[in-house]
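Presented below are the structures under discussion, each in the form of structure tokens.
Two complexes, one shared chain (chain A), two partners (chain B, chain C).
Now for the complex of A and B:
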């Protein structure tokens, strides 16, 4: 046994691993998209398991309210104002020095994602793992996964509920190689086969409005890692073909059958290979408003199939715990204190918003994702 | 009610149904069951449907863990004892 695999002895004892499986992990690159509650648990466990190269991307900084569930961070990181991806890289270096970690402190969007997944001179990563907090980015990652035939492990959690599902994309039409998971009969429908559209802004609670239970995020993230280890060691037939949905407070654990979605649905992404999110068709745009210390966020062009006005009553109800909220039939205005900084969020019925209190587009997007959701 | 379908309400939609986790509803099809709920809880219906006969595309409905889109959609038959799960996409993380 090569010396550098000694530390993984207990893992190599497992069926489906062995030295060969461990070496596959050592040779693998995993791209962790987002490094919050899900992402920190994912990165932590992948590094400990010996995945040789991690790329971690996140646009955000660490706040005190993150520490309840974001396991790689501590009070020093909050005090020093370290970006999440960088703090994760530093912490992981003390956990497993054999793992190479590339930190990307940037907003992931349709313009840069295909460059970012090749960070650190890699070709394309062996797997994409979801640690993000919004569906705009998730559908973007799903597009990349299907376009390049990269496995993608979806995970989401809010309140006491969570969901996870492993996407093993079908072969790229015309490609000479069939993905090994498809040869093994384990290819699965993509995320858009299952959820045709992202929930509109303000429709669903977010972790910042509804709260989030630390254990449920940790369970979902570890489940994602569980599926990722199967994929990276080549145990494709062991990958769960159903979608997990849990509520750890209400004690419900369900596995929804989704396999038929690929055969039956006319998915624009994996059937028609129309990568609308990667093409920027639904992406939000930000504009820094000159001289106003404010950023305007133009939400995705309203999809006619999904057009609806925001429910201001409900959003106001959720935001009132954070500060004063006023609304009329045209707009809602909320004072929000986030990580010690005061913001004024003005929201219009079509989802457009102005975040006052910053000139940074990424900060404005963060505030929107955290308090309105997308 | 033993002659009813059990509808599991997702956390996000519980405020619209008086904070109930599950509701027993009689009916022979998914459409009937959801129409009964819609009558009883109109705010709940507004979240679920984008038109009279069409569900919002970010919410899935499963009967005993099978997606109704791949059966007979809203016309999918249900029988007493069946479990109908309403599953919205979860965005947080």
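Now for the complex of A and C:
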């Protein structure tokens, strides 16, 4: 179907946009990684703005506690128990039928991400937008962004705090096909220039343990879309070069200057072109336990010689709202009811865990990301 | 890491195994028997020498009947499907097979699959509460249709050693084939093909023989059915079926596997690099006192048994008491009250750097017998290189876990 541009009139009036900018959006593919609170807002706004092709990936199913902030879903979706990516696709079809949506219901990991970004017979997408709930996947997406020179809009929110930052990757030093944003002088440091490693599991609060304020997610997601629209219309010089950090409850709004991080860091990713997350060096492994309705998740310790032990007291504190938690110096055990199903989560000091109540690795990873934080 | 998982694979390997493999790979890695050049001949000779070493170790009359396999599972499949894998058209002539509930899945699964396909009738003889099978119970299960007894020499869950010589004598008396799974004993206990009346001996190279993974073998005795002779097909005589078929070097002219050992069962390029490592391990074992490894492992097991005897939170499976270790190889199963085996193993790994093995150990029938199905047990398996300090560290950890 040819794109009817009339509906985008108010957007095309904007400086730097016009019909040409709108056409660029229509021709663009955006990969939305994760379709929860951030992802639904992102997909919603991208579809309304007329981005021609969306690929939406999420392994999770919709539950009642999502509706507070995940704007594409409603009570019918909860009742039907459909996957988030699939529900988003259906809803977006009613919002803008001109947009093609490919839904991927799968865990995104180092083994499949390079196939998944090509979903729907596209070449590589024009942009990657972050709607995930864990740092393991973020660092993986960052590797893909740098390796294939795809802009990546990082975003994250938990509690009343949110962050966002647009990564416009630097090309391989000396490469002939310099990406347009670099020619425009707008390339930015990658995630690993700024944070060398993903934080170890269990160190950070999650939406499921610390709660989350709907508006802060919505603000961050819209900020991500804001930056994405600049990128997709070719307005690279307008892309914000700093990292935004906000707390909408404490009323703090900060912009961190990160540009120098590229110059000073010997970034393994964008300078040495070593894509360790994509190579699986830091990926967690899952094993379905012999004879048991249980899955073991093992983390690759960042530094085996000097590994950090989890703070069971702090984690027990976070989890106690969800069910009984017991801990000694060797392990922490928590009973968790998630979306109506009972799980028993056993956590060990190096971050590995055994999730009882499922044989599905994806379900176990989901429980871990939600309640421990990966 | 303190390693207590030797029943899965030994670690460390015999001194020099890695060097021997690296040297073979760097300097001699030709394909044996596939060409006449010197390197190929040397590779073939290395295989042949290793066969001789193994034949000597297992008291086998003909080293050409030592067939290399990828592991003990591969060898057992060769044996079980080789003898019993022919489709049965007349149920009146169906073979009967006896096995036990101490078996690893490498025995249980191929036999059960043959029984499910109605190629054989299967009897699974029960062990006693200590994990020992009474040879008389096996004899009692023999019928006129019994073709083969397949059993393990030692339980991989409990470490309990079975009276293979007695079962072998019974098999011989009743003209039944005897297939012994020596996964837990080859290299640890004396295994004599002659004295124990073994017709098919399956063994891994990577456990008590202290060689690398990817090695193992099967000895095929002359009482077993023989390969069909292509030039004299007598369809009334039961024949051995090759589990793998393919290139053998040597005689390439026959349309099917050449009926000559070891090539009949050795289709495909063998794991020469691994076998070079195994050969070095066999040299090491040949130079050592044959009883030293098992005596050491039993001493280690006895230390653990003695220490845990009074611990009320620990259940020990299999023989206990002052001389209990003499009934075992170096494997012991326990459970800790209130702690799943998988949790206990994770804690030992995470907090104490100790490697053990939780779960069913691929032996579901044994765990059903012990009432430990489906969580299984925590298996502790010391090896020839386990030290007293290792045992102290393990016992200290178990004390803390059960405090």
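Basically, the second predicted complex is superposed on the first by the 363 of 374 C-alpha atoms of A that agree within 3 Å, B and C clash if a C-alpha of one lies under 4 Å from a C-alpha of the other, contacts with A are read in each partner's own complex, and residues count from 1 in each chain.
Operating definition for what follows: a residue touches a chain if its C-beta (ideal position, glycine included) is under 8 Å from a C-beta of that chain, and two chains touch if they have at least 3 such contacts.
Everything numeric here is computed off the predicted structure, so don't read it as measured data.
In the superposed three-chain model, the partner touching more residues of chain A is B, compared with the other of chain B and chain C. In the overlay built on the shared chain, the residue A:292 is in contact with chain C alone; chain B does not reach it. In the superposed model, A:10 lies in contact with neither chain B nor chain C. Shared interface residues of chain A (contacting chain B in one complex, chain C in the other): none. Here chain A touches chain B in the complex through residues 34, 36-39, 130-135, 138, 155-163, 194-200, 203-207, 210, 212, 217, 242, 245, 247, 250, 252, 254-258, 260-261, 264-265, 305-306, 308, 373-374, going by the rule given at the top. Within the complex formed with chain A, the chain C residues making contact are 340, 342-343, 346-347, 350-351, 359-360, 364, 373-376, 400-401.
Chain B contributes residues 8, 10-12, 21, 47, 50, 56-58, 60, 62, 65-67, 69-70, 85, 87-93 to its touches with chain A in the complex. Of all residues in chain A, only 289-292, 294, 296, 329-331, 346, 348-350, 352, 354 touch chain C in the complex they form.
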